[in-house]
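Order of writing sets the labels: A, B, C, D, E and F. Residues in every chain begin at 1.
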Amino acid sequence: MSNNIVSRLKRKKIVDVVATGKRMDGRELLQYRDLEIKTNFLAKSEGSAEVKLGKTHVVVGVKIGIGHPFEDTPDAGVMMVNAEYTPVAHPTWEPGPPPKDAIELARVVDRGLRAAEIIDMSKLGLISGVKVQMIFVDLYVLNYDGNLIDACSAGALAALTTTEAPEYKVSKKGEIKKTDKTEKLKLRAHPLAVTVCKIGDSLIVDPTYDEEEVKDGRITITVDENGNLNAIQKRGPVGFTLDEIKKCINIASEKSAEIKAIALAGE
Amino acid sequence: MSKTTKKKTTKRKTSKKKWTRVDGRKPDELRPIHIESGVIPNADGSAYIEMGRNKIIAGVYGPREMHPKRFSKPNMGILRCRYHMAPFSVDPRRSPAPSRRDKEISMVMTDAIEPALFLERYPRSVIDVFVEIIEADGGTRCASINAAAVALADAGIPMKDLVSSCASGKYEGNLILDLGDYEDKNGESDVPVAYLPKNDQVTLLQMEGIMTQDETEKCIELAIEGCKQIYEIQKEALKKKYGMVEATEETEEAPEEEEPVEEAEEE
Amino acid sequence: MSNNIVSRLKRKKIVDVVATGKRMDGRELLQYRDLEIKTNFLAKSEGSAEVKLGKTHVVVGVKIGIGHPFEDTPDAGVMMVNAEYTPVAHPTWEPGPPPKDAIELARVVDRGLRAAEIIDMSKLGLISGVKVQMIFVDLYVLNYDGNLIDACSAGALAALTTTEAPEYKVSKKGEIKKTDKTEKLKLRAHPLAVTVCKIGDSLIVDPTYDEEEVKDGRITITVDENGNLNAIQKRGPVGFTLDEIKKCINIASEKSAEIKAIALAGE
Amino acid sequence: MSKTTKKKTTKRKTSKKKWTRVDGRKPDELRPIHIESGVIPNADGSAYIEMGRNKIIAGVYGPREMHPKRFSKPNMGILRCRYHMAPFSVDPRRSPAPSRRDKEISMVMTDAIEPALFLERYPRSVIDVFVEIIEADGGTRCASINAAAVALADAGIPMKDLVSSCASGKYEGNLILDLGDYEDKNGESDVPVAYLPKNDQVTLLQMEGIMTQDETEKCIELAIEGCKQIYEIQKEALKKKYGMVEATEETEEAPEEEEPVEEAEEE
Amino acid sequence: MSKTTKKKTTKRKTSKKKWTRVDGRKPDELRPIHIESGVIPNADGSAYIEMGRNKIIAGVYGPREMHPKRFSKPNMGILRCRYHMAPFSVDPRRSPAPSRRDKEISMVMTDAIEPALFLERYPRSVIDVFVEIIEADGGTRCASINAAAVALADAGIPMKDLVSSCASGKYEGNLILDLGDYEDKNGESDVPVAYLPKNDQVTLLQMEGIMTQDETEKCIELAIEGCKQIYEIQKEALKKKYGMVEATEETEEAPEEEEPVEEAEEE
Amino acid sequence: MSNNIVSRLKRKKIVDVVATGKRMDGRELLQYRDLEIKTNFLAKSEGSAEVKLGKTHVVVGVKIGIGHPFEDTPDAGVMMVNAEYTPVAHPTWEPGPPPKDAIELARVVDRGLRAAEIIDMSKLGLISGVKVQMIFVDLYVLNYDGNLIDACSAGALAALTTTEAPEYKVSKKGEIKKTDKTEKLKLRAHPLAVTVCKIGDSLIVDPTYDEEEVKDGRITITVDENGNLNAIQKRGPVGFTLDEIKKCINIASEKSAEIKAIALAGE
């Protein structure tokens, strides 16, 4: 049988089960899989989190370093979010430059953090126009079983929340020294992404790999601790009605509080 | 991609009456739009759009044979959109190499347009939509979708509907339609939307900034109203060329799905 | 029929017509197609030109910015000419890094400008050995129907001629500020390239795509406003006799004056 | 790769008695090792190792069809190891793109492991071993080989023997086993070794530093002793999972070599 | 490529009599040339040239099967020249990655040599000519063509004629032959030429600088005279090896063109 | 016959001959081919060596320039070793980025030089943290007939030994000037690599291409002028017994003195 027929059969089966209000693995439509987050487990990273969401397994590392400012913001630090699809994580993933989906993953997580103004970048300058602090957030996928955006968003929030930022001193001669002192990175918001998938006429959260394969579309909504929205990302070759979008926003608002409690447990 | 925070936190104005937009528009007023089809002789279809000071050209090639063949699908065609900014379209000059932002926008554009097409009619084929931003003025992705939809119609490719696209957002506390460059960079949020008027479906939805759930929903509604106006302008542009409004009218019934007679080729 | 036979038949037809002193489109051998040049049509570029030469359509953007000098010329500005074959411009052009022909196009246009010493780069230093002005000339092809070198050369000359260069101020502390003042970029010469093609025993100018496909070779000659030559580039897997070369130079000298008048109309 | 000299010249201590290692270990004492198999659900086999503060994960996919096919061998399988460091595994952060060092280590790792496999049983196939360094603490290549060997056994791939790996070196004039990060960077030499205990064969051997011939040989012997201890820990890790020590036991007789019935495909 | 203007404007000397070249040569005198064939044992043909202080090696592989096949031509062979500079061939060191200049020179070299070959005799095949510049001293492209022609003859590939190449130019107002490095960098113009002596045809022609039409034509004539002298040296080099002058003599009649029996393969 | 069978026959033949204590070309097992080294033959490189080892032909260029220090060693110069497999050197080598074997070649030669602390990099700073001297060692292969590591190692030693380093002056204003003075680069050690190959049960040195093709494994050992070891690199998908390793070390110690005498002859 061609892959095509296999996936059509798979889709039929999943759609049928979801239509009854259940999932292949017995979950409710709006139920996440078990979520475990371990923070501060890497000694060489200023912040770190290991996230297990069902079989999806990601590590987030936060590194702080020194780099160059952008020309138009000479006194502002720079945050970079990068996602890596490691070839250990899935039989179809190959070594090489990040595929388009990894770029989207990084950008959606990045957009949520940035729009929420999670870090006051204006405080991270060192020498105007020359050197600033860099904050690298690396999303590292070790096993892929769906819903990477939510897992990485939770991991990024957990890692940033527990990041110990080094204190830098700039001498009069312009030499930058990292002191032994650290202090907790100050976060101004706690944005967290929740992805809602549309399968047939149903909306579900936390899709597995198989569910993602057969889904019609998804909407990811990043919600902060006050219930404000910071980012939305719709994907998939289908449309959503306004009514469906509103339902997705409601689901995300509710679920983000639930997941955030776990992500912030290490704080 | 990784500059410092783009959206300013809300500074809500106490007296709303005196507020006017930087370019004097009403909150729900579009920028001037000019669309022209058939501008690239070599392309199967093309369109040029000016939307505010955006200057964008879109060309369609296909349906044509897919190269490399292994990426083709045995039972349906593939839509491939490529969004690309000319080096001189922004200030300062950018590198001509595709950025991560270009790649993400290409993906969401493809998702926005695909629901309007009958891809199942073009097994093993590809429809290429190439968009070049000659000058950027805020809302390039929406303007690109508008041009791409007209270019597809110009190519004679049957469509369920045109796709119309427009952003809304919040600026100085006010919800506004079709943000210009300055509003985009200095406002509180930005919500690009694409819309299929006949189906009443949203096919592109992104958001970045800080807004309440209610504001966000109002923004989406406002953007949809903008799309409906643009829809008329798009039809007018095609009418001018072909002397008919319903050039793209087609039955929406998908042809009966058949088992593909051949399997996908392996390579 | 194979492509091979098709192109052989095409060649025969074109060669036969050209041998009678005429062209497929009715032109004389040494007649250009209609040439339209619009300058200063982009607000975000310091200089711009849109060139339509028959169906060949290119946009040239000139951007001025700040960059690093070369090690051996610490006080001289830097000019970069870059050509982009956009995938909208021809069915066979694909997204990706510039093909070899695009590199040659950029280099031949560049060589003409540089050899004519069109800009006094020694005036464009800012901080010795650290910062200088950069002049980027981007040749952007939107529809390809032959003779890109001449179209781009004329576009580059037209865009540079109408470029409004910003004035920069360097503070004592070494900060560079762009002032609001601009002044016309000073050009010291007006070089323009003319390409002569050899088809069979005939010499023609301004080849279409089809004529380029079947041509034996070409010689591009860049001529300045005093009739001096600045650059020559011969291409094609054939030889030219000295006599043919002299004819080409004569044709180019004559034609360059004619085309230059159009390119400089916007000055 | 290209930093300045890494090894300090020998400063031989006069009184050896008081000498202790920076972390208090005896000269021939391993760092604590923890190995766990079956940690990546998607992989055919996997293992996680902590060796000192190294944190490394290895996943095995295969034997599976080789892509692209032209790199496959008609009469035997191919082992492909990929060693890769996470950006946050070291300080300062490194680029996620594979370095020249990554590529070299991938090669010597492949050589170290291949002698333990029966590759002649898998014509036209590939066994992929992907190793990700989550945190690096000196001796990553040795720890990677240890994890890879367990992951291969976990994948049920028949092996002549497990491969065990450990470095030795010289630090402040003393020959020591299993160098930690500090000893590695500040010592006089480093000798990573991999070893097949049953065959008594060294399959990885590198060295960098300054040592006499005699010291070098002693180091290799010391490393082999370390490997033997690690061998027991590896077997224990597999026993824990499968309840048997000799899971990987297999006849060492290679199957009779036959003429391949098909020739290698040309591509 | 993008350094500041290379050619100095003419400073015409009033009294020409005293003028001598920097290295004492007469205006129409070549630098010392030494050519040796058969210097790369693995190549099908090869040659080493010293022309002034240029040190260049050329190797020929083929005619051989073309990879990838889709670039081959069904009715003729392909000549592929690659010009490449060693990192240490210039000062300061250059990157080993091919530059845009390398790519352009590779193209014009191919055009310069192709007219000398009978490519129609090698359908579906390729002849590779690889040129490595070990040390550069002005006129590398000409010296490369001279070496390549001898290497092709050394490979036993039938040729209509050898190709000979030499530059001329203007320096301090004088037209001179075979510019050295200093003259090349500080002169008013540079005119590299390649020439087929038997056919009296120019197959390479480039020019950069400022010269009148008349001066340019004189330069081309001067360069052709240089090529004729080099032709004798090339023949001598082959004679030394093969003991015959007319090693490359062949009928110039092209074999009758036939319809290709097979079509080009599609891929 | 497939390549596979050819190479099996070749292997059998070579193994049989080697087993008798002889080589295909009549050499003893531990005998090098003729080695010729010419130094200082390039005027534009600070150091150079041309090495011919049998038919293996490499050029090594040493260039000294100015660059940036690494962040953690602000006052230390930087040495880079790079290897280039030019396409002229072997029919199977193609233009493009360095293959894995070229990376290993560069890294093994580099490791020997670096571990021996051949140059006191701490003496090569210019402006602390900003500018330092760079030493580029480029290994350029022109004909490949086996044993590249030994040939390149000898070439690198010969080129470095005869390198004339320029003297730099740093003005008070921070300008760096290269003076006309040079002095011999000071070397603190004379490391040289010897590669021992295992073919069947025999150990040989200086393998040809054919011998490398059929070898079981190799060990490269870099030995300094005092008989100390600086680097070891084992390759190949086989194991070595401790006894074999000791034999390899003995052979290398002996041979390195012999080869070193030739490499240092130009000093």
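Rule of thumb we're sticking to: contacts are C-beta pairs under 8 Å (C-beta built on N, C-alpha and C of every residue); 3 or more make two chains touch, one makes a residue touch a chain.
The structure presented is a predicted model; accordingly, all values stated were derived computationally and were not measured.
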Steps in the shortest chain-to-chain touch route ending at subunit E and beginning at subunit A: 3
Where subunit D and subunit E overlap in contact partners, by chain label: F
If a chain touches subunit A and subunit D alike, it appears here: none
Selected interface, A-B versus E-F, where C-beta contact pairs are more numerous: A-B
Whole-Å separation of chain centres (CA-atom averages), subunit C against subunit D: 57
Subunit B and subunit C: spacing of chain centres that average the CA atoms, whole Å: 33
Between subunit F and subunit C, distance of the C-alpha-averaged centres to the nearest whole Å: 47
CA centroid of subunit C to CA centroid of subunit E, Å: 26
Subunit E, residues touching no fewer than two other chains: 92
Contacts with 2+ other chains: residues of subunit F: 71
Pairwise touch network: line, ring, star, complete, or other: ring
Running round the ring (origin subunit A, first step to subunit B), the chains in order: A, B, C, E, F, D
Contact footprint of subunit A on subunit B as seen in their complex: 1-7, 9, 73-75, 79, 92, 100-101, 103-104, 107-108, 110-111, 114-115, 189, 191, 196, 199-213, 216-217, 220-221, 224, 259-260, 263-264
Residue ranges of subunit C in contact with subunit B within the complex: 42-45, 48, 55, 57, 59, 61-63, 65, 82, 84, 86-91, 95, 97, 136, 138, 140, 142-145
Subunit E contact footprint on subunit C (complex, rising order): 2-5, 70-73, 76-81, 100, 103-104, 106-107, 110-111, 114-117, 121-122, 217, 219, 224, 227-242, 245-246, 249-250, 253
Contacting residues of subunit B [partner subunit C, same complex]: 40-43, 46, 53, 55, 57-59, 61, 64, 82, 84, 86-93, 96-98, 128, 130-132, 134-136
